[in-house]
Amino acid sequence: MYQTLQEECYEANMQLPKLGLVLFTFGNVSAVDRDRGVFAIKPSGVPYEQLQARDIIIVDYDAKVVAGSLRPSSDTKTHALLYKTWPGIGGIVHTHSTYAVAWAQAGLDIPIFGTTHADHTHQDIPCAPALTDEMIQGDYEHETGHQIFNCFGEKGLTYGEMEMVLLQNHGPFTWGKTAEKAVYNSAVLEELARMAYLTLQINPDTHRIKDTLRMKHYERKHGTNAYYGQGC
Amino acid sequence: MYQTLQEECYEANMQLPKLGLVLFTFGNVSAVDRDRGVFAIKPSGVPYEQLQARDIIIVDYDAKVVAGSLRPSSDTKTHALLYKTWPGIGGIVHTHSTYAVAWAQAGLDIPIFGTTHADHTHQDIPCAPALTDEMIQGDYEHETGHQIFNCFGEKGLTYGEMEMVLLQNHGPFTWGKTAEKAVYNSAVLEELARMAYLTLQINPDTHRIKDTLRMKHYERKHGTNAYYGQGC
Amino acid sequence: MYQTLQEECYEANMQLPKLGLVLFTFGNVSAVDRDRGVFAIKPSGVPYEQLQARDIIIVDYDAKVVAGSLRPSSDTKTHALLYKTWPGIGGIVHTHSTYAVAWAQAGLDIPIFGTTHADHTHQDIPCAPALTDEMIQGDYEHETGHQIFNCFGEKGLTYGEMEMVLLQNHGPFTWGKTAEKAVYNSAVLEELARMAYLTLQINPDTHRIKDTLRMKHYERKHGTNAYYGQGC
Amino acid sequence: MYQTLQEECYEANMQLPKLGLVLFTFGNVSAVDRDRGVFAIKPSGVPYEQLQARDIIIVDYDAKVVAGSLRPSSDTKTHALLYKTWPGIGGIVHTHSTYAVAWAQAGLDIPIFGTTHADHTHQDIPCAPALTDEMIQGDYEHETGHQIFNCFGEKGLTYGEMEMVLLQNHGPFTWGKTAEKAVYNSAVLEELARMAYLTLQINPDTHRIKDTLRMKHYERKHGTNAYYGQGC
């Protein structure tokens, strides 16, 4: 009944180890079916080499299991709240990829230093502050979603222009129009995190990319007159 | 007679090169059989590509060879003392994995900066001081075990909650309920060491993860109400 | 009609992921046919695993498409101007390889610290300043070529002796007598960037290689009495 | 006539790319036949993927070609002088491996920080100063050998206890009783260089390993009562 959605979610999950973004089970991908109001997500703690498409769990936007016999990812409530609140996203990824985690642990936004970054988003990649004690001791994974919204609200970011975020002392979440695009964004984030790290090691006084160059690259790929790619 | 134990030990050893944790012969894994009071360990200096299950040596808790024609790992006495003293462990791993060794050489505990760390243990990963001259010139590998106990005693750590340690100027030992889990812990330690390294390069003033978040992540995976994984 | 040129360009493009120089579609290679006055270039935004030789686009030195149904790389005008201006080059590569980008983002020339560098060129690898706002808002990719010429003019470099450049806040371009050689240069640049990075981390006061050693290594490979290689 | 020697040399050369120690042709291995007074060495500038055992060149201790139609490595005279002067070595390796080059470019000895290092040698790995202008402009590759001897003489090192050296602004040479052991030493050196680099990044004030621990590890592997390995 949910086989296509399960397979999409499975394929996207299996990209994580191929792209070097996860060690053991440190990550999960979900894919949504907007028509049915459910999403598919990786079961908790199942190694990628054992994972099968039929193991993928189906849950609704309140994180209630609709189909599947395994326990869904422990981060399911965060995924659920993001799907519920942001109607335009089709997939979500959470990883503990090394360089993104390092920035998250350092508690810093990733500054926009170059066109590799500007090709994907025109702002620093935000690091949402650690949740308050109340949020952590309450409905933690649900509140994690709220903390992302808090961060985006304060910085005036939209989920369409910024498809990635760091949670302080934790790690990254990314999303996109499809689960495949969300995985793509996870790999891009890891590379941007690595490049920014190296840049500051070489020159701690590096300035951000100038505005004209920043917007030129963003617009040539994402603007109304975009000419990158095949226009499809 | 010890074929099952040898094969468990062999399989665990062969994970080390696959996980990128050893160069040449710089590591060893042992697996214990509590019923018979013996453990299986890699022979000393045998390359992984030549290793066979039947080469695995069987020794008792005093490090005396019970079965096998090759010389056991030069670190056998350390393994023996850990098995003798800590009844709950089923496997032990020693490697010279790069980032863990770097922290050991720097002589510093690995600070707990994030949830990747807290998912596995709720304390800094301790670096036991180098052995005294007397210990080194005495029964060195046996004393290495005692130095681990000294360190755990001073810091009030238990082997169940902290399944990894660094020896100053040397490298890591890890353990677990099974040899497979001990290998898993070696890979986790290497990744935590790498993440902590990068974190301090980005922000030398990084604070440890806050207590609520630290314990939340530890408890959701290891506490009485744990809900990570499939509960088995 | 352009099948040989397309295949040469295709083969060179496929080397980029093999050499670890590109993530997803972050790079492109072109190969020129001097007799016909056209060059072949990768189509924009097509993943390497889907790329086929017949997808390669043929364009002239004014970046007008001569053959092919897909849109050529968004960087085509930069390639075109380099081919038009520098008659001796046969191939061009643009990547966002990690360490080269880090130096470009830091806005610094890569200092010539050793013989690995001097085996390939006898000068620092230049970082051309970011384009002016007018250049960016004008014919950006065409002006990128001019900015490379500006940089080479100011530093007195020739394209024969220096086959690589960084664009500030962007990344590297390399070229060579063939597309294959240009790809080789991209990999060499990435390694030189990494070595120089590590060198300065170890010793921030490192001096450049002394002149005699610098020119000895350059001349033994590229001078009139060169004796490196098989002389063909 | 030299087929066995050529094959030994070929096999050892092919280990370099497998161990990640060379990019393109940046390295060479030689293997000596002491009975005949000749050694086999890689031809200059031949890519590893094209190299065949029959391409390997045979030269004498004065670097004169005895057999083979290709030009030998441009570093042949350095190999020749080392074989001529040090009767106990059976193989030599030169690479431009990344971390070893970084230390060479930084112009610093690699400090002995841990047991991984002490398992292989009990001293810092020396960095020989750059050759004088006279040496560089004279018989450069021959003088490179002399510079290694100068360095070992000044530091009181023997080639049996220290099987590796860095040349300032250049890179590493290693040797051993066989070509295979020399390759092993190249990989060990690269790992020690990386570990020492990371150690100083974590703690710039790191002290060298204490003497007792240093000699304990060296002796347990190399001393008269060594008990590491299988004693063969």
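Every chain is named by a letter (A, B, C and D) in the order it is written, and numbering of its residues begins at 1.
By definition in this document, a contact is a pair of C-beta atoms (placed from the backbone, for glycine too) under 8 Å apart; a residue touches a chain by one contact, two chains touch by 3 or more.
In this text the structure is predicted, and so the values were computed from the model without any measurement.
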item: Numbering shared by both copies at the chain D-chain B contact, with half separating same from different; value: different
item: Between chain A and chain C, centroid-to-centroid distance (C-alpha), Å; value: 33
item: Whole-Å separation of chain centres (CA-atom averages), chain A against chain D; value: 46
item: Multi-partner residues of chain A (each touching 2 or more other chains); value: 201
item: Arrangement of touching chains [line / ring / star / complete / other]; value: ring
item: Partner chain D, residues of chain C touching it in the complex; value: 113-116, 184, 187-188, 191, 194-196, 198-199, 201-203, 206-207, 209-210, 212-213, 216, 220, 227-231
item: Residues of chain B touching chain D in the complex; value: 23-24, 26, 43-46, 70-71, 74, 96, 98-99, 101-108, 130-131, 133, 136-137, 140, 169-171, 197, 200-201
